[in-house]
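Below: one structure, written as structure tokens.
Labels run A, B, C, D, E and F following the written order; every chain starts at residue 1.
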Amino acid sequence: MSVTPSAEITVPKLRSATILSMLKKGLRASGRGLTDFRPIEIVPGYVPNADGSALVKLGNTVVIAGVKLEVGSPYPDTPNEGALVVSAEFMPTASPTFEPGPPDENAIELARVIDRSLREIKAIDMEKLVIVPGRRVWVVYVDIYVLDHDGNLVDASSIAALAALMDTKLPKVEVDELGNVKVDRNSRSGPLQLRHKVVTVSIAKAENVLFVDPDIEEERVCETKLVITVSDDGRIAGMQKSGLGALSVEEVVRATEIALKVSKDLLVIVEKSLTRPT
Amino acid sequence: MGRVKLLREDGLRHDGRKPDELRPIRMQVGVLNKASGSALVEYGATKVLAAVHGPREIPQKHLLLPNRAILRCRYHMLTFSTHERKSPAPSRREIELSKVIREALEPVVMAEVFPRTAIDIFIEVINADGGTRTASVTAASLALADAGIPMRDLVVGVAVGKVDGVLVLDIDEVEDMYGEADMPVAVAPSLGLVTLLQLNGVLTREEFDEALKLALKGAQVIYNIARETLKSRYLGVKVEE
Amino acid sequence: MSVTPSAEITVPKLRSATILSMLKKGLRASGRGLTDFRPIEIVPGYVPNADGSALVKLGNTVVIAGVKLEVGSPYPDTPNEGALVVSAEFMPTASPTFEPGPPDENAIELARVIDRSLREIKAIDMEKLVIVPGRRVWVVYVDIYVLDHDGNLVDASSIAALAALMDTKLPKVEVDELGNVKVDRNSRSGPLQLRHKVVTVSIAKAENVLFVDPDIEEERVCETKLVITVSDDGRIAGMQKSGLGALSVEEVVRATEIALKVSKDLLVIVEKSLTRPT
Amino acid sequence: MGRVKLLREDGLRHDGRKPDELRPIRMQVGVLNKASGSALVEYGATKVLAAVHGPREIPQKHLLLPNRAILRCRYHMLTFSTHERKSPAPSRREIELSKVIREALEPVVMAEVFPRTAIDIFIEVINADGGTRTASVTAASLALADAGIPMRDLVVGVAVGKVDGVLVLDIDEVEDMYGEADMPVAVAPSLGLVTLLQLNGVLTREEFDEALKLALKGAQVIYNIARETLKSRYLGVKVEE
Amino acid sequence: MSVTPSAEITVPKLRSATILSMLKKGLRASGRGLTDFRPIEIVPGYVPNADGSALVKLGNTVVIAGVKLEVGSPYPDTPNEGALVVSAEFMPTASPTFEPGPPDENAIELARVIDRSLREIKAIDMEKLVIVPGRRVWVVYVDIYVLDHDGNLVDASSIAALAALMDTKLPKVEVDELGNVKVDRNSRSGPLQLRHKVVTVSIAKAENVLFVDPDIEEERVCETKLVITVSDDGRIAGMQKSGLGALSVEEVVRATEIALKVSKDLLVIVEKSLTRPT
Amino acid sequence: MGRVKLLREDGLRHDGRKPDELRPIRMQVGVLNKASGSALVEYGATKVLAAVHGPREIPQKHLLLPNRAILRCRYHMLTFSTHERKSPAPSRREIELSKVIREALEPVVMAEVFPRTAIDIFIEVINADGGTRTASVTAASLALADAGIPMRDLVVGVAVGKVDGVLVLDIDEVEDMYGEADMPVAVAPSLGLVTLLQLNGVLTREEFDEALKLALKGAQVIYNIARETLKSRYLGVKVEE
């Protein structure tokens, strides 16, 4: 059952009043502009045992994404495509309010939003992931762990997932005459092929003001969020209203405009982090 | 796998509907005896039952809030409601939709009237032919009203899809599966609020704007049916007295 | 662990005294006779996506049963027979006291009583369910959902299960030369073959009076129940004492007599509902 | 699979018993140290251990009842107790039998003596050769008595089966598996009450009446052994003092 | 999460003071010497349906171990060896504080300590457990149940596991030309081959005194335990510090000496119990 | 499977280390914002993050103790931290190690200072290349210190292994997998106490004594680094003020 959440960690009244009254004037308590992201730091290849990985810091929010490739069977209805499995966990390290255990509805929603972002636009070239046609394919596991929670987990996670995928190299495989597959993780046959790059832009709403990349205090005072996935060719590749409140139609349209604009910068940042020598 | 043709040469959809045409919509409230409120909603072959218990006290006191009722919502599919048998274990999809549907109802329920209580909403998908989450929002909304929970507005849902490059209203299972985009929307029409919005698929900005308009148009029709359903039940009750 | 239940919803004292004192005189608060069932309404084919289904209303008790056929492997000890899996869930819609979650002991007991009712007498012709001898068979899933609970869930469920099975049509299958099975649910090869029809009759005991089809108030004041399965050829095809109390040997024998008699009418009702044009 | 012959030409059963003959029955009480009461019961090769803790307070206060003790009962099979290794996860069968066994004991335990407490009964099937649920009832009944819980009567269990068309007493695993019916019965003989009754299989009305009589006859014998077991333990305790 | 345990059943203050003050003088409340075990009773073959079994009483502690052999696939990295799976459960019969349910961390630790004791020294001749090379092997399930808990569960369990393995006879198998394996549990092809015998010796520490085989009262007042596995050729085949406290290096060395000595007697006792006609 | 050669002809190990040589050790404290204390510890390619919340009140009051804080500890591996993807479900190994690590910390945490509270320790293995449990002890110890929890000593861990017949310090994954023994040890050097000791493998008594000495030697080096790490952070904080 999904339950109305209690505000686990409440923002002190005075602080929340300040944030809201500043927002009304189009200002943010942190001094950021309404469409400014916090500083983004990306460390690709952070986890040697992963086939691809990235540590992402978005302000004080810290997320790790890792990719593991496993040999599996294709889905019956897509015999000549690989498969994608995205999961997310909010680690108890990230907040005093996070309990250890299987992912809750927030983590599941986050994972599914990112899964659809990648899946619907076919970001990964799934047909390149066939090992034995109709029988053996690569299954791409993207696992996202939130290690420190200072707000906007979705965008931090979507950046981490994208960076980890861009960092991914396929292990070498040998297929014998019987179709048995032997994986050699010590050699790599090449990078994972991406057809599209996508990022999410989460637009927060409070006092009828829209703004991006809310930190944890802003999240706690905002009414609702609209997560918008944008692709590198400027299309809308996913959307999810998340949170208690609602938006007017006009706000939805405006949020979309903001996301389309901001996403370009985000994609540039990810691109750069992966091409610079690390 | 041969590509499924979703639009016929005459521009009509695979089931003969026009692009902006809803499926036959049926609604019924008060269908269960032991629930505080209930509703059965059908969009074509999609059939959804919603029941509400509460506002009520619950043993899990730590969940309650001092200034409002909490909503608890479960979206659940019967094993035989789908083409392939659904495993009885809760799927990640069901967990996500339970949240999304709850959050579609939160803006209209006047939860502040019943502090320290729970309002429980149970949704059973009896037959799934596309649009189950949007039909669920409509059914839950009617069940809440039937339970006498004060609401700012009814919320109704409808999905818009893109099939063979064309935007179409109230997509069914086949259109969802083989189409290019599925955009479920729930709105509180009198308040002018969008309370649920998802996009699974890819749209240009122009397509998105058009899809949103189409959804609003369909929602208004469903809203009118929902209000009519409640009114005739209310009148019916009157007559019986 | 099985735990002595608390009386979740208690019947008001006065009401329960009335029910009991009337029973002592052989009368029921509802005006029904001791061996009268409430009105029964059966809607076969209620769920289009099921291979067979029925909605059953027994008074205010509402139950849906659905049948799904899946291709599976036979059990090693019955290589040339299909398989049957019966499950039941008490939905939270049915009562303010039902919690969502996996079936509790009551739902499991109900499902197993109905499973044995169908299985022991071989109600389904299991040998007709072989697709590839020794390798692929139909697995018949009968899933029962209690939607509204006004007492006597077992008999309502047994009627629903029987009606759903009688409504079931086998999907068409194609078997290729390698033994791979392809199911086409849009065409049907014919109805599921039943060798026997069975129903349960639950006999309630209170104040040393035996009576059938208790409603929820009667269930809460009665001491125990004896569920008796009767087949269309008048044999006893299962039995289960259920509830806290006990019966004398004489009461057991008398309950059996009642069940044998009443079951005939029930079977006629089910039969009729399935043959009338719906 | 060749049909197994369960009755020999001389009318005796596959293990040499007459149709109305019990297997060797062994009982022992007070076999565990840390439990309030315990018993080990064997019907032939079937071996069942029961332990009782309580009456006692428990942390789950919401389960307790103001006017009586609650019984909590778990029937559990060790993984190696069965022919094929049993999975350690609780099976639906174990869940059902835990309920059925608890309900077989409820009518005789004087639970009203200990309001707001729990009496916990743990049954471990060590070796399963048919009749484990009925041996469990007998063992639990002895363990309750050993724990000093006041009871209206002892409950004892025995199963009657139908094999090769003949009704037989106290069936074992082979007779259960290949026979036509298995009817476990538990009775409180002095009270004249049937507290557990199941029929898995098909009987005519006449067969059912006969089977019930056979069960009562077997139960009386087991009842006498159970009372003798408790008496000798009680005497034994006396002597030791 | 592993949680600091609360002392579920506390030893009365006076009793615990007595135990500790006696220990300080090198004496035990029970009159046993510091390196004396309680009487050990072993009943091999206690469970007819098991492929090997033993009931072990160590004073008032009672443990059953049973062995089941199942045909399974070998691990990919050891295609020509059988497999071993050890599990343990603390039954609710054993103590008023044990709850029914899946094994807790104590039962899991116990099982893993015994698993490693048997595995690391290769106590079982795994290569003798191959049925169809590379494809089908025996999987040896050793399941340990604690039925009555009066302290020192690890050593009682390790004795029970060893005795059950020594009691184990392999079922006869037939392999057809397709490699299908048919098991006949009614005939036996011979005993399970053991290459080594091992037992654990748990050394308890309290008041800087080391002693073996603590009963439940001694366990509750002692600071920590060091479990040492010793093989029949006098080597150390495993070790596990268990419990809240710590040991000095000198204590570790001394504990090892004690274990090496005491283990010899334990092995003789097990050996004898298995060879005497039962 | 060809036998892997773990010692080279020149007596050095497969990665060029001497038998008694540690891998490069890196430590960092205060790496997380929302935790009371945190540390990142690397032994070669092994990378472990520890976070501490508390001392704090918890809803599960029944777990609390009147005379001390309880420690709660979870050792957890990220799915991609291992060579083959680790299933997200908690493994028996993780459950055992959570206990073993907690018990390695218990002797040094001054829990009596915070009765009726919980100190929660969460350990995330980011990359596993051998020695994760001993690196976890070190990381947890630093995180506790970073959280300001008073401690009698720091605990640090290191594993000794036996490969190709030779005892070696701080074994990595390959040496663990193909070696003859793995002996993880944790010590509180100033107190002279061993707080974690496991042996997975077979050693003679002489080898065991030697292995223990080698572990103590390695632990002392790690201890010095850990103290240095805390000191420089403390100084750093000072400077910043």
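Heads up, the rule we're going with is that a contact is a pair of C-beta atoms (placed from the backbone, for glycine too) under 8 Å apart; a residue touches a chain by one contact, two chains touch by 3 or more.
Note that this is a predicted model, so its numbers are computed, not measured.
A.B. asks: With contacts defined as at the top, give the pair, E-F or D-E, that has more of them.
C.D. replies: Answer to which pair has more contacts is E-F.
A.B. asks: How far is the middle of chain B from the middle of chain E, if each middle is the mean of its Cα atoms, in Å?
C.D. replies: 58
A.B. asks: Please report how many Å separate the Cα centroid of chain A from that of chain B, as a whole number.
C.D. replies: Distance between chain centres: 27 Å.
A.B. asks: Taking each chain's centre as its mean C-alpha position, how far apart are chain B and chain C in Å?
C.D. replies: Distance between chain centres: 31 Å.
A.B. asks: Between chain A and chain C, what is the gap in Å from one C-alpha centre to the other?
C.D. replies: 48
A.B. asks: Pull out every residue in chain F that's touching 2 or more other chains.
C.D. replies: Expected reply: 74, 120.
A.B. asks: Quick check: what residues of chain A touch more than one other chain, meaning two or more?
C.D. replies: 1, 100
A.B. asks: Report the order of chains around the ring; begin at chain A and proceed in the direction of chain B.
C.D. replies: Listed around the ring from chain A, going to chain B first: A, B, C, D, E, F.
A.B. asks: Please give the residue numbers of chain D that touch chain E in the complex, ascending.
C.D. replies: 32-36, 38, 45, 47, 49, 51, 53, 56, 74, 76, 78-83, 85, 88, 120, 122, 124, 126-129
A.B. asks: Okay, in this complex, where on chain B does chain A touch?
C.D. replies: Residues 1, 63, 65, 68, 70-74, 92-93, 95-96, 98-103, 106-107, 111, 120, 181, 183, 188, 191-205, 208-209, 212, 216.
A.B. asks: In their complex, what parts of chain E are in touch with chain D?
C.D. replies: 46-51, 53, 60, 62, 64, 66-68, 70, 87, 89, 91-96, 100, 102, 141, 143, 145, 147-150, 185
A.B. asks: Tell me, which parts of chain C touch chain D in their complex?
C.D. replies: 1-4, 6, 77, 105-106, 108-109, 111-112, 116, 120-121, 226, 229, 231, 234-249, 252-253, 256-257, 260
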